[in-house]
Amino acid sequence: MKKHLLSAADLTVDDVATLFTTAAEMHDVQHREVKKLPALRGRTVINLFFEDSTRTRSSFEIAGKWLSADTINIAGKGSSASKGESLRDTVMTIASMGVDAVVMRHGASGAALQVSQWIDAAVINAGDGTHEHPTQALLDAYTLTRRLGTLEGRHVVLVGDLTHSRVFRSNVLLLATLGARVTVVAPPTLMPAGVETWSKDVGFATSYDLDEVLPTADAVMMLRVQRERMSGGYFPTSREYTVGYGLTRDRLAVLGPDVPICHPGPMNRGLEIAADAADAAQSLVLDQVSAGVAVRMSVLYHLLAGEGGHA
Amino acid sequence: MPAPDPATAPDDPVTDARTVLDGSDINRALTRIAHEILERNKGAEGLLVLGIPSRGVDLARRIASRISQTEGVDVPVGSLDITLYRDDLRRQPARGPQHTEVPADGVDGKVVVLVDDVLFSGRTVRAALDALADLGRPDAVRLAVLVDRGHRELPIRADHVGKNLPSARTERVMVRLTETDGHDEVRIAGSWEGDAR
Amino acid sequence: MSPQDRPVLIKGASLLGEQTADVLVLDGRIAEVGSPDAPADADVLDADGLVLLPGLVDLHTHLREPGREDAETVRTGSQAAAVGGFTAVLAMANTNPVTDTAEAAERVLDLGRQAGLVDVQPVGAVTKALAGEELAELGLMARSRAGVRVFSDDGRCVSNARVMRRALEYVKAFGGVVSQHAQDPDLAGPSACCHEGEWSGKLGLPGWPGVAEEVIVARDVMLARHTGSRVHVAHASTAGTVEVLRWAKAQGIEVTAEVTPHHLLLTTDLLAGYDPTFKVNPPLRPDEDVRALREALADGTIDAVATDHAPHARHDKEHAFVDAAFGMLGLETALGVVATVMVETGAMTWADVARVMSSRPAEIAGLGGHGRPLAVGEPANLTLVDPAAATTVDRDASVSLSRNNPWHGRSLSAAVHATLLRGVPTVREGRLA
């Protein structure tokens, strides 16, 4: 495993297998009375969040604490560009305190990669702009693997605002590594630029027609669509979006009861996912959250526990 | 330093190795240990046998099944991984934990018998006691090992020992079990740099 | 004797890469070409194997003074220009305060004269404070000592068609030209930081498509036709822009265009590491655009190479990619890039280089004393180039105050050996004289 986790592309099949095996053990710890392992005693993990995300930050915080790391949350200023301090100044200051890992969320794509070039500590990308969110992809794949056994050859369908989705970018990379057949679905305005070229390099298919794709899906991953996108002219109304790309009751019926449904949250019920689908027995939404802690424990453990796992 | 995991140790490349326990020796030792456990506990009541991965788990299963045969009751058996509790985690590349499996009713109020293949420095057992404490509060914890080769670095001793095997610190003790290695045998060999156990 | 009075004899230079001759410079002008006798006190420059060009003229430089003297000053920018072989640069108006008055223009002119290394010719803003709404005092800037002829809101597009039309009409009175930063703000959103295409999609960076440039260029050439005025396309970056230019020129529309050295070589894939050194506006484009731009430069569809030299302090670049400042250094490396991509490849001769880096830009900017033929009586604004030199760019060797150098570590062919401003060497042996 590499020193940093910046992109889902950093992970090999073997890395993922190792991370998942460990995550399964960590998952068991979640159900114990004493949810504490000494593995990262004496390690310091900074959760550096330039963009608010209660969900991801708490997940990493719990993961670090259950592994006995000293976990500190620091809220980064939005863009420090206007305040005279560069991003480099900001992270160098924090790194100088002697930390072993920085879990970083930033509104700008590539920020985690840039930071990894400046500091000695391990950098874990907890979401960089509209680029990647590798631990989300890991927990999605972990959850689906537990449900489906393997992802090899399985048809996974991702639907939603792909242009602005870091979850999509990490997921297609990881799912390709795991041998899944992936189709991403969105209206043309929410398809990322140039996807017709680079989808071939990564290995996934694209479609504008959800109803054509759904009948062969082995799993469906719905992505959040922000209502603000309407003002950008990406789609006319939420009603029209739902009719074209929402996981409605009718589409749920097409899926049948055995096809798992994922959503990274937070959900826009009634927009991209109907309440019936969100709460269906096949919905893995809460399993994803619970897996999030286990997977992040596993990531922290493998990046930090062994020799060299510190600054 | 705790012993390296024998499951990952390379095949014996040493020619001067000699067998100290063969299959039937191991059989007899485990049977004796099972009886000692029963005597000490005055029956199978409240027993929980936990093996330390990987070969300790196989030994735990064998001991539990001997107790079950003798007493006619099912003795619960499980595994207790100590990877995350090791005191030398930082001295080697991180490796994944192995499976911990404890019966649904947990360890509280049980007499836990920890089982490992070789007792050496005692650090593995120390880690196991910590791991056990995080799972709950047993009434008592006992330790059964197939081989005690001495050289303790911590104040730990076994309650049940298959064979006391005086050894040099630099010598290697290799345990092979049918479940993982195809046959039962304990061998000792001369110095094998950096991998003594 | 002051250096102004000392004769200079350039011995054995190949004029425009063609015939070899000695050139005698007296009183700031070319006095003789051929085999003149050197006066006893002459400063003799051995130019054996070197190519003599008219001094280079940069239509597009950001000198940052006034306002950001920590990134560049008129003096340090002039030094970089001289080292790059330039004898005249047009200083863009987007300083703080903006060059949108006669006084501001004269101030830049005077700072240039004090530095005395190149002629610093101010560009005036098209609109007050570059706001795109009301015309700046174009006429007063034109009548000032600075004699401003080129107007540009560079960094921002004059996107309002009515304002652009009026500006084009107004500058006709004094032979001015509007240099347009073509970027439709509706198609290139405020967060756009790179080319929209395969790489922006993969990297999750907000991009802007080539069409955002092309629609403005298309509109502007039609406005130029309608107004009978001159429009200049700053830093053309796409193949579509080239097509529009080709069509417009065929119609006889008065449109000229420049391309930067970086758009002739650097491509979008350099963004893979999110290094803000490669963040520039217009953005680095894909290979197909680069090829079209080279071809257009060679066939004259694009008139000139201009650097868009844009120094930035380190702390303005050490941000996340979308937050970092736009722009890259260019003055010191421009000739080497053009030599590498155009001359080495056989696409252009040294005479062509003189056209695109000196005579055409001087004509576009209305600089009478620059870009002249290498002939007797012409001002001795000259650049001596070593065509056989190969240099590896070292950003720390730059005389600019800034280090945002996208060419660091690359090897470029040819090197500026000497630069003469009105007969006075400003650079010798590649270093400031």
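Per-chain numbering from 1; labels A, B and C assigned in written order.
The rule is simple: a residue touches a chain if its C-beta (ideal position, glycine included) is under 8 Å from a C-beta of that chain, and two chains touch if they have at least 3 such contacts.
Being a predicted model, the structure only gives us computed values, none of them experimental.
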- Remotest chain, subunit A as reference, centres from CA atoms: C
- Item | Distance-to-centre winner among chains (Cα means, whole assembly as reference) | A
- How many Å are there between the centre of subunit A and the centre of subunit C, using C-alpha atoms for each centre? 45
- Query: How many Å are there between the centre of subunit A and the centre of subunit B, using C-alpha atoms for each centre?
  - Reply: 40
- Whole-Å separation of chain centres (CA-atom averages), subunit B against subunit C: 77
- Show which residues of subunit B lie in contact with subunit A when the two form their complex. 81, 84-85, 89-100, 130, 133-136
- Flag every residue of subunit A that touches subunit B in the complex, lowest number first. 18, 21-22, 25, 28, 32-34, 36-39, 301-310
- Counting only contacts in the complex, subunit A reaches subunit C at residues 79-81, 84-89, 106-111, 113-114, 128-132, 163, 166, 169, 192-195, 197-198
- Query: Residues of subunit C touching subunit A in their complex?
  - Reply: 196-207, 209, 273-274, 314-316, 318-324
